[in-house]
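Shared between the two complexes below is subunit A, which pairs with subunit B and subunit C, respectively.
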Partner chain A sequence: MDKNSIEKTSFRKGARQLIAVAPFILIGFVFVCIFVIYPQIKNVWMSLTEYNIMQPSNSVFVGIQNYAKAFVGDEKDKFWIAFRNVILYGVFTIPPGMLIGLILAVLINGVKKFNTFFRAILYLPVLIDWIVVSIIFLYLFSDGKAGLVNYYLMKLNILQQPIAWFSSTWTANAVIWIFGIWKSIGWVMIIYLAGLQGISKDIYEAAEIDGATKTQKFLKITIPLIRPTTYFVLINLIIGSFNVFFAVYMLTSGGPIGTTDVLQNYMYNQAFKYMNFGYACAISVITGLSILLLTIFRDKFFKYERN
Partner chain B sequence: MKHRLGQSAKYLFLWLFVIISLIPFLSMISTSFSQAMYELPYPPKILPDSVNFSNYVKVIEEDNFLRYFVNSVFLATVVTACVLLISSMSAYGFARFDFPFKKLIFNLYLFTMMVPGVLNLIAQYSVISGMHLVNTYTGILLLMVGGGIAGNTFFLRGFFENIPHELEESVIIDGGGRWCVFWHIILPLSKPSLGTLGIMVFSGIWSDFFTVLTFIKDSDKWTLPVALQLLRGEHATEWGTVMAASVLLFIPELIMFIIVQKNLVQSAGGEGAVKG
Partner chain C sequence: MKNKASRLAALFLSLSVMAASMAGCSSGSSGAASAAPGASGGTASATSTKDIKATVTFWHTYSANSEAKVLNEKIIPAFNQEYPNIKIKSVTMPTDNFKQQVLQAAASGSAPDVMRMDITWVPQFANLNALVAVDGMDGFSDIKSNSYEATLNTCKWKEKYYGIPLDTNTTIAIYNNADLQDAGLSAAPKTMDELAEAAEKIKGRHPNGLIGISGTGMWSMAPYFLSLGGKYCDDGYTKATGYVNSDESIAALTKLVSWNDKGLIGKCMLNGQPGTWDGLKANDGYMMVNDGPWFYTLQDKKTTDNDTYAQMPADTSQSISVVGGEDMVMFQNCKNQEAAWLFMKFMFSDYAQKTMALEVNQYPVNKKVAQDSELTSNPIFKIYMQQLETSWARIPNPSIEEMDNDISLAFEKAFRHKGTVKENLDALAKQLDDLFAKNS
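And then the complex of A and B:
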């Protein structure tokens, strides 16, 4: 056979294979293309325009102006506050969340009874949807002396006066962070439990024979052996900080005066409150790229997680 | 002796955390059972002192929550059925067929999963608005189904690949086609994984907030989460009513959680079906 006819048969074979598989994958492929891939591409294009939602054909191409507006232009103060809050959210929720999650995982791993019960109850906050827990947190941190948190803090003499939690930047941010920690602990715990169960008991027994104390075993065996899990948890929680949205939208909606805004909340309001679609798309591209880079980084280092 | 002391300390600590995790939920339930009122109860309640369903009656009768409940069930059911059907078909295609661009398309699916859905919302809005489907269920159904396919195809492909080939060969020898294999071998054997994924899709749609908030303007088409947010705005200080509505949203989630807990323990079938 000459080269041409080989190409022809392999082309025919390919076409036949495609026809055979088409009934199974075509619908899904069309859906993903129209409602996910096309919008993702369109998002990037929209970020380069002054987008007109009523008459999309009247949108004006403005190049990187929307990006300049965020980084150095009119909106730079608000953008950097939103960016700063994402970073602060990470700094204040990740270390405590990881520490408490690890401690709980080690404890659950070490007790003999109620194992599943503890696991299920401590995982509950992760599963319950954001709107319900946000409403509960709004209730717990209500103003005045009847707010549950204020009531108990005053009872314990930590506070003299009730705090209006959501009226100033830092107390409002603190509530958002506490909320974030409370919601992430269960997930950290489950991942660490899986990691801990992968450590062979023999190693601990060998250490015991050598006379290692509990603390030594924890610091010299457990911590080093679960290091991959630690990195995995860490990078996922960093991605999670770039995704923080609901907590802020529900608890403070960015107030007082935008000082607790985070990137996604800022983006959403720019689009659907102020109708700055092009600019909001630029913010979503910046946020999306950050998340994408972190995800690629994670997947490169944690291939096993996909298998 | 020392060992036992250590065990008790561990239990004590764990129970403490269980209580910390549960206080918010307990206070939600207690508040929902309190008498209707316009300010916070003082002192605040963690445990209910009486059981009173007036807030629930009010939420269902006056605030139309039965309607929102039905809307939520409808949306979540339709999306789950469509996503499961389309994803399992696609997953079967990727697991058992060879075809050109297979790897490319599959990687494309993986890539779309890396960008969180919320960040596509604006462009999706412009797409749906271009199709004149804003404020319709058709619009959000298309979006939600489209958004669920890549991830579920990915997971199901993994399950399908573990189903032994011998089972399919027996069907082919008996003269059955690919569809026959799909309906009579693959789907029945993957029931546990389909069930678990189904519940996950369902609860994802059940708790969806931003898609419905962004695309649906008519109040009679709202779902529970969006209605709940609005109710909170209207009755800002009537916590009893708001909490009763929250409990109504939360109970189905709790039930789904309990079911998934059980299902996750069961391993997917397959190994037992072929005799070695």
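And then the complex of A and C:
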């Protein structure tokens, strides 16, 4: 058999295989095109226009004007505050959320009785609606002595005067971060628990025979072996931090003076309150690119084996 | 052979699933389209309006247990006595993200035929070309001559009217009687200085402030800022420089900032607690708040008996408040405009306006009804209607929400001493001018 006929045979074989699987991948491919690829292309296009929602064909092409407006134009102050707050949200919620979630997972993993009960209780915050929890948080952090948090902080002599939590930038942001941590630890705990259950008991037994302490086992066995889980949790929490919306929308609406605004809240207002759809699309493209850049950065500097 | 058959079967199944999914999508849209009047109703080719056969879809946010009940059980049946062949499909919409829903519906051609729309939205949707101009329609001039200018202007955008007024409201001053007595007053203060003096006298007993202003945006702040002589823009709504940063405006805001520094303004203005309603009820709470007619309707008798109602205090300017309310608008995708217009006109009629006023406290925009003795004999109604005569309709501009946000932030910065009053108002004037220019 010469080289040409071998190539022809393998091409035919490949084509046959493709035809055989085509019906199965066709549906998914069409839906990805309709609901993922097309909207993304359209979104980028809209970000380059002054979009007219009633007559899209009359939208005026403005090039990178919407991007310039955000980075250096009239909106730069508001945009950079929103961007800063997203980064701060990630910095102040991801590490504590992961740490607390991991500790809870390790504790629950070691509990024999009521294991399911603890899991359910700790996962509950994830299931509760954002709006309901926001209202509860508004009451918890209410101003004056009547607010539950103020009441206990004053009772414990930590505070002399009650704090008006939502009246200053950093206390309002702090409430948003606490809210974010509380809402995410249940999910982190469940994912880590799954990771922990994948570690063979033999490794711990071997370490015990070698005289390893509990701390040593945790630091030298558990942490390294759940690295893929940590990687997965980190990716999701970073994406989640860029998508923070309800906490801000419900608790502060961006106040005071717009200093707790985040990108999603800012984008929502631009689109649906002010009807600046082109500009709102530019904000969404910037958000997407930021996540992409962070992912590339993380891959470059935190490389390790993936399962 | 068998493989070929199974491949064909798989392909067929896949295509069937896709077709079903697509059919699901398209049936949704055809369902929405069928809600449009022309699709289900007849045509407007009839010789008499009595013979028009159509279905008119009406979106509103009337509360289900009171307002919508009157609409469905009294107003619509009365309309149908006159026009038995026009079916009104009354749809109570949820208020959450309502604007987003209306926008999506308008953009996709599935908007209702007519809608009860917040007055500030009308220029926005008119500018998007989503609404039908109604000033050329039969009977519009009668409605115009029987309307108050301020409420009618809320329907106007670029010299055309994109709707007709439906209901109106404003805010008036509401005082806690015990606090007034405590301050040595037997009646509501007539001027802003009297108000500040009274608050100053008893401020030691009110740690959260005494004048409950609910925010720094136009709706909350304008009654104070305007009554103190400030202005947001010119009377033609084209320019802010020279108005919002005029000496009078700077003086007005400076006075308000000094009140806040002295602890006279309630903490609710800058996101604090208590809110206006709770604050007014509390013993050590607010001496005065300003609010709309719903306050009187929704409070229990014990609370309302303990309050005094009055027009906003005046100062260098007359007593000014702010206009709220809703207009009736018709969307571009309305296929039977004649039927929809008949219903819109009916909602402005004496019967509909008076019924809604008497039954659910919806304040009339029809001048004749507003002067009806059955309504004016109610003292609270009378105060609101008097206040409306000098109320300001805010800025009828498609960018009103952006303007309001800029105003709110600039005022808040001044109250928090982030820059001087003049610096903040100068910057605000430029922002507002840019927005006026954008829509000119």
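Criterion: the second predicted complex is superposed on the first by the 242 of 307 C-alpha atoms of A that agree within 3 Å, B and C clash if a C-alpha of one lies under 4 Å from a C-alpha of the other, contacts with A are read in each partner's own complex, and residues count from 1 in each chain.
Definition applied: contacts are C-beta pairs under 8 Å (C-beta built on N, C-alpha and C of every residue); 3 or more make two chains touch, one makes a residue touch a chain.
These numbers come from a predicted model, not from an experiment.
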(message) Between subunit B and subunit C, whom does A:L148 touch in the aligned arrangement: first, second, both, or neither?
(response) first
(request) Classify the contacts of A:P256 with the two partner chains as first (subunit B alone), second (subunit C alone), both, or neither. (result) second
(request) In the three-chain superposition, say which chain, subunit B or subunit C, touches more residues of subunit A. (result) B
(request) Could you tell me if A:I64 is touching subunit B, subunit C, both of them or neither one (first, second, both, neither)? (result) neither
(message) One more residue to check, A:I296. First (subunit B), second (subunit C), both or neither?
(response) first
(message) Contacts for A:L122 in the overlay, against subunit B (first) and subunit C (second): which applies, first, second, both or neither?
(response) first
(request) Identify the partner contact of A:I135: answer first if only subunit B is touched, second if only subunit C is, both if each is, neither if none is. (result) first
(request) Would you check which partner chain A:N243 touches, where first means subunit B only, second means subunit C only, and both and neither mean what they say? (result) first
(message) Quick one: is A:V91 in contact with subunit B, with subunit C, with both, or with neither? Answer first, second, both or neither.
(response) neither
(request) Figure out whether A:L99 sits in contact with subunit B (first) or subunit C (second), or with both, or with neither. (result) neither
(message) Using the superposition on chain A as set up above, list the residues of subunit A that contact both subunit B and subunit C.
(response) 20, 23-24, 27, 31, 53, 142, 144, 146-147, 272
(request) Please give the residue numbers of subunit A that touch subunit C in the complex, ascending. (result) 19-20, 22-24, 26-27, 30-31, 52-55, 74, 142-144, 146-147, 164, 166-167, 252, 255-258, 269, 272-276
(request) Flag every residue of subunit B that touches subunit A in the complex, lowest number first. (result) 6-7, 10-11, 13-14, 17-18, 21-22, 24-25, 27-28, 31, 39-44, 46, 86-87, 89-90, 92-94, 97-100, 105, 108-109, 112, 114-116, 118-127, 129-130, 142-143, 145-147, 149-150, 153, 178, 182, 203, 206-207, 209-210, 214, 225, 228-229, 232, 239, 242-243, 246, 249-250, 253-254, 257, 261
(message) Considering only the defined contacts, which subunit A positions touch subunit B in the complex?
(response) 14, 17-18, 20-21, 23-25, 27-29, 31-32, 34-40, 42-43, 46, 51, 53, 56, 100, 103-104, 107-108, 110-112, 114, 118, 120-122, 124-125, 127-133, 135-140, 142, 144-148, 151, 182, 186, 214, 243, 245-246, 250, 264, 267-268, 271-272, 277, 280-281, 284, 287-288, 291-292, 295-296
(request) Using the touch rule from the top, collect the residues of subunit C that touch subunit A in their complex. (result) 3, 7, 10-11, 13-15, 17-18, 21, 97, 99-100, 103, 106-107, 124, 128-130, 208, 267, 270-274, 398-399, 401-402, 405, 409, 412-413, 416, 418, 431, 434
